[in-house]
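Paired with chain B in one complex and with chain C in the other, chain A is shared by the two complexes that follow.
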Partner chain A sequence: MKKNSFKAWLYLLPALIFLGVFMLYPLIDVLIYSVEEGYNSASQTSFGIGSYNFSYVLHDPYFMQALQNTFLLVIITVPLSTGLALLISLGLTSIKKLRNLFQTIYFLPYVTNTLAVGLVFMILFKKTAYSDGLVNALISIFGGQSVDFIDGPYWAKMFVLCLYTIWIVLPFKILILTSALASVNEMYYKAARVDGTSKFRTFTRITLPMISPMIFYLVITGFIGAFKAYSDSVALFGTDLNAAGMNTIVGYIYDMLYGDSGGYPSYASAAAIILFVIVLTITVINLMISRKNVHY
Partner chain B sequence: MKIRLENLTKKFQNRGKKGGADVVAVDNFNFEIPDGKLIGLLGPSGCGKSTALNLISGLETPTSGRIFFDDEDVTDVAVENRGVGLVFQNYALYPHLTVLKNIMFPLENLKGAKKLPRERMIDKAYEAARLVQIEELMDRKPSELSGGQQQRVAIARALVKRPRVLLLDEPLSNLDARLRLQTREEIRRIQRETGITTIFVTHDQEEAMSISDLIVVMKSGKIQQIDKPQNVYDDPKNLFVAKFLGTPAINVFVGSVKHGRIFIGDDAVMQIKGVENTAIYAGIRPEGFIPDDNGGLKCLLKGVEVMGRDTSILSSHYAQEGELIRSIVESEEAFSITALDDMIDKIIDPVHSRSDKLNEVRFSVKPKKLFIFDRETEERIYYKTV
Partner chain C sequence: MCITEDSEMNENNTANTAPAAEPKKKKSFHVMTVVVYILLSLWGILVLFPFYWMLLTSVKDYGAYSSEYVPQFFTLSPTADNYAEAFSAVPLGQYFLNTLIFTIITTAMMLLVTIPAAFAFSRLEFRGKNLVFTLFLALMMIPNELVIITNFQTITDLGMRNTFSGLILPSVTSVFFIYLLKENFEQIPDELYKAAKVDGTSDLRYLTKVMIPICKPTIITIIILKVIECWNSYVWPRLITDDKAYFLVSNGIQEIRENGFGRENIPAMMAAVVLISVPLIVLFVIFRKKIMEGVSRGGTKG
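Our next item is the complex of A and B:
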C-alpha cells in the first residue's frame, strides 16, 4: 500500500513540479506582492505589509474605468453572444441543404487571427481624414450622422468593442450548441409531437433543459473569458488603452507592469487579485444558479 | 375504436445509389382492427411494422391510402389531434422531469376549453399511475427507475389523455427475460381494464402469440396473414408464416406431390387427395412427428435431448432445409422405437456426435402438423387426407 502510493507520487511528480513552479508559486507570489507596501523591484525591498496597494488601485480612475469597461463588456456580450449562438445553431440544425457549408462559414472567425479581425473592424468603423469608413458610409445613406467609432464617443467605442467580442466568441459557441442540439435524441421530439406539444413549449421544456449543461458551460467560460479580455481592446484601439478610455482589467494589470507608466508589480498584483476575486464570485454564483436549473 | 386501413402505402425514397429502387415499407395494407382488441404487429426487423405504427399514430404521412378511426377519416389529422397514445421502444421519458411531471406533460399541452385546472391534472396523472401501479414513484426522475418501471411510466403517460388508440412500439424489447413475461401480462391487464384498442409491434413471435387477440404477420412491407394466434400457428397461409411462428421452428423439407401422395425426398409420408402433381416444400411442426418403426419418413438419428416429460429427437434427412430436424415427442413414446433405445446409451455428445454408424429412425407424420407449400410461390397448398 505504502509502496503503491510512493509510486503514484513518483508518476505525478513531473506534473506537480510544473504546476508548482508555474502555477502555485506565481499565485502565492502575486498574493505576497499585492500586500507588500512600497515594494521596490530594484532593491527587492518593501516597507511592510498592508492594504495600501488595494486602496491605491481602487482609487485609481484608470482602474475604475477598466473595471467599468470590463463589466459592461461581460454583461453585454455574454448573454448576447450565447443567445445569438443559440438562435444561429437552431437555424443551422433546421436547414438541410448546404448545412455543412454554413457550419463552415460560421466557424471561420474562430480560426482567424484576432488581430486580423481587429484590423478589418478598424477599416469598417474607423473615420480618417480621407474616408468615413464603410459603416459610416452606410449610416449616411440612411440619413444618419457619421460617428467615429474608434476615436469618438465612449458609447460608440464600447459598441464596436462589444460587437467585435461577440463576433470573436460566436463561432465556438455555435459549434458547441449545434453539436448539443444534434445530440438530443429525436425520439423526445416525436414523443412531444404525439403529446401535442407546441413548438415553443417543445423548445422551452425539452430542448433547453436537454442542452442546458452545454449552455451553462458556455456561460461560465464566457464570463471568465470576457473578464480576462484584453487583446480585443488592443486590436481595435491600439496599445495606449488608458488614453482611449477603453482599458480592461487585464489591460490595466499589463500597463502597471510593462506599460509606459509601468513598473509597479505591487499595484498590478493587487489588481490581479481583485480580478481573481471577481471571477471567483461570479463563477460561484453561476454554479449556485445552475444547480437549480441545469439538468444532467 | 375500430381502426380501418385502406390501401395504406408508405414509400421511402432511396437515399443510396442513384437509380436505386424506393423502399416500400408498408405495401397496400387493407385491414380492420375491431374495437377494444389487442393486436400484435409481428414481423422480422426491417419489415415495416414500426412504419405501419407510425402511420397510424400520424408521425408519418402515408404515400397513399386512408386511415379510419371508426368512420372518421384521420389520414390528414395531425398527430396531436388523433387521440393516440404512443409508447416508444426506449420509452422517451423526459429525463429532466419527475415521473409525475412526465405523466402530466400531455395534459399541460392542452389548450383553451380542454385545459384543466392543475389539481385535476394531478388527479388524472395519479389515476393513470395507479392503473400501471407506480403511484409510489411519482417524485423520482426516470434515471432512478428500473427498465420495467420506466416502461410503466411511459404507458401511464400515453394513457393519461385517455387516447382512443394505444400504440406500443416494441414495448418489451428493452427488458430482461423475467420482466418481459411480467410486463406483457401487465400490458394485457391494462388493455383489458381500459378497453382501449391497442396495437403493439414486436419481432418476438412468442410475445405476440401470448397476449394478442389478433396477430398481423408482416414481411417486407406486406401483410402475410391476419388471424387469431392459434390459427396463425395451426393454419399458416404461406411458408414464411409457418417458419416465423413456433419455437422450436418448423422443419422444412423439399418434396413433391405425386399421384396423391406427399413425398419428402423419396419417402412417401402421406396419402392425400385434391392436389395435382407438383413440387412443394413440406413443413412439419416439431410435435407432428410420431416415432414409428414402420413410418414413412426415414431419418438418421443424430441425438436426443431428454427434457423430462418430452424428449426432443434430433435427426437429419437428405431433403431437409437447415441443420437438423427437431421433433418433440412424449418421452414414453420416444423410447418405444428401437433405434432410439439402442442409441441412447452410446451417445456421449448428443448434438455433435458424428458417429459413422448410421442409425435410422423412422417417423409417421400427424396430418394436422404437416403443411405443404408451392415450391414457386411458397403459398400454402391445402389438401385432404385419405
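Our next item is the complex of A and C:
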C-alpha cells in the first residue's frame, strides 16, 4: 500500500509542480501584492499593508473607463449573442438540406486568430484619408453619414467592438445550442403534435424548458467571457487602449503590469481581484436565478 | 428490425394524417422554410465575408488598392506580390517557426503532465486522493488574469523573458484536461486493470499499452484544443516577449499592424493575415467532427 501510494504521487508530481508554481503560489502572491502599499518591483520593497491599492484603482479614471466599457460590452453582447445563437440554432434544427454546410461555416470564427481577423474588421470599418472603407461606402449608398468606427465617436467604436465580439463568440453558442436542441426527446414533439399544440406553444412549453440548462450555461460562461474581454479590443483599436478610450478591465490589468504604463504589479493585482469579485458576484446571481427557473 | 418498421409506420401515419387534417398549413410551412434558409444564408454570408475580404484584399495590387476610394468587390488582376512581401518585409517566417515550436513543445509537455495525473486520479489508490482532486477542481475556477501577474514576475525574476522556456512553462498545465481525461480513463472497466495486474503487467505498461490506445479519441480532442489555444495565444506571449525573435504569430500580426510594411500597405497586411489563418482552417477542415465534438465537450471562448 505504501509503495503504491508513493508511486501514485510520482505520477502526480509533474502536474503538482506546474500547478503549484504557476497557479497556487501566484494565487496567494496576488493577494499579498494587492495589499502591499507602494511596492517597488526593482527593490522589491513596500511601505506597509493597507487598502491603498484598491482605492487608487477605484479612483483611476482609466479604470473607470475600462469598467464602463466592460459593463457595456457585457450588457450588450451576452443577451444579443445568446438570443441570436438560439434563433440560428432553431433555424438549423428545422432544416435538413445543407445543415452540415451551414454548421461548418458558422463554426469558422472559432478556429481563427482573434488578432488576425480583427484586422480585417478594422479595415472594413476604418475611414482613412484615401478611402472611406467598405462599411462607410455602404452607409453612403443608403444615404447615411459616414463615420470613422475605429477612431471616431464612442458609440461607433463600441458598436464595432460589440459586433466583433458577437461574431467571435457565436460559433461556440450555436454549437452548444444545436446539440442541446438535437438531444430533446422526439417523443415530446410527437405528443404535442397529436394534441394539436401550436408551434409557438410547443417552443415555450417543451423546447425552451428542455434546453434551459444549456441556455443558462451559455449565459454564465458568456458573462465570464465578456468580463474578460481584451484581445478583441486590441485587435480593433491597437495596443494603446487607454488612448483610444476602449480599454477593458483585463486590458487595464495588463497595462498596469507591463508596457509604457507598466511596472505596478500592486495596482494590477488590486484590479485583478476587483475583476474576480465582480465575476464571482455575477456568477452567483446567475446561479441563483437559474436555480429558480431552470428545469433539470 | 421490427421496431424500426414500427416507428416508420408511426411516422407515416402522422405524415399522412397531418396534411389531411390541416391542408392550409402546408403552404405557410413552405414559406417559413424559405425564410429560414434566407436568414441562415444571410448569417453565413456575414460569417464568410471577412474571410473573403481578406483573401480579396491580399491579392490586390498595392497601387490599385490605394487608388480605390470606394473598395471594389473583386479584382481582375490578382497578384501574389503581397505574399512575397509578407515574408520579406517582416520576419513572418520567423513568427511561424516560433509559433510552431511553441505549439509542439507546449502540447507535448501538456500530455506528459496530463496523462500521468489523470491515470493517478482514475486508477491508483493513495491517501489524500480525494482532497487533492477537490483542490484540482477548485483550481479550475481560478481565472488566468489572477495568476498571470505573479507568473510575469516569476518569469522575469528567473531571467526567462524572451526565451522559449518562459513562453512555454506557464502555458503547459490545464486542470480541465486532467479532469476530462480522468473521466474517460474511469470508463475503462476495472476488470481489465485487475487482469493486467494478475498477468504481472506494470502500471506504466498498462497505461501505455491499454489505457492510452483506448482513450485515443479523448487524447486527440485535448491535443486539438491545446493546439488551437497555442496558435491563438496572445496575452502571455505579449507580456513575456519584446524581442521580435521570439514573437508568436498573434504578436507578429500586432507588430505588423503598428509598425510593419508602413502602416498603409493593407494588401500585404492581409496577406499576412491569410497566412496566419490558413493553418487552423486547414486543421479544422480535416478534423471538423473531432474539433466540434471536442469544443462542445470542453471548449470555451468568449
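One rule holds for everything that comes next: the second predicted complex is superposed on the first by the 278 of 296 C-alpha atoms of A that agree within 3 Å, B and C clash if a C-alpha of one lies under 4 Å from a C-alpha of the other, contacts with A are read in each partner's own complex, and residues count from 1 in each chain.
By definition in this document, a contact is a pair of C-beta atoms (placed from the backbone, for glycine too) under 8 Å apart; a residue touches a chain by one contact, two chains touch by 3 or more.
Just so you know, these numbers come straight off a predicted model, no measurement behind them.
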- Query: Which partner does A:T204 reach: the first (chain B), the second (chain C), both, or neither?
  - Reply: neither
- Once the structures are superposed on A, label A:S55 by its partner contacts, choosing first (chain B), second (chain C), both or neither. neither
- Query: Who contacts more of chain A, chain B or chain C?
  - Reply: C
- Just chain B (first), just chain C (second), both, or neither: which does A:T281 touch? neither
- Task: Quick one: classify A:T112 as touching chain B (first), chain C (second), both or neither.
- Result: second
- Item | Contacts of A:K190 with chain B and chain C, given as first, second, both or neither | both
- Intersection of the chain A residues that touch chain B with those that touch chain C: 190, 193-194
- Enumerate the contact residues on chain A facing chain B in the complex. 185, 187-188, 190-191, 193-198, 201, 205-206, 209-210, 212, 295
- Contact residues on chain B for chain A in the complex? 57-59, 79-81, 84-86, 88, 90, 92, 94-96, 105-106, 109-110, 157-158, 161
- Message: Under the definition above, what is the set of chain C residues touching chain A in their complex?
- Response: 10, 14, 18, 33, 36-37, 39-40, 43-44, 46-48, 50-51, 53-54, 57, 66, 68-71, 112-114, 116-117, 119-121, 124-127, 129, 132, 136, 139, 142-143, 145-154, 169-170, 172-173, 175, 178, 203, 228, 231-232, 234-235, 238-239, 249-250, 253-254, 257-258, 264, 266, 269-270, 272-273, 276-277, 280-281, 283-284, 288, 291-292, 295-296, 299-302
- Query: Any idea which chain A residues touch chain C in the complex?
  - Reply: 1, 4-5, 7-9, 11-12, 14-15, 18-19, 21-27, 29-30, 33, 41, 81, 87-88, 91-92, 94-95, 98, 102-117, 119-121, 123-124, 128, 130-134, 137, 165, 167-169, 171-172, 175-176, 179, 190, 193-194, 221-222, 224-226, 228, 230-231, 234, 238-239, 250, 253-254, 257-258, 265, 268-269, 272-273, 275-276, 279
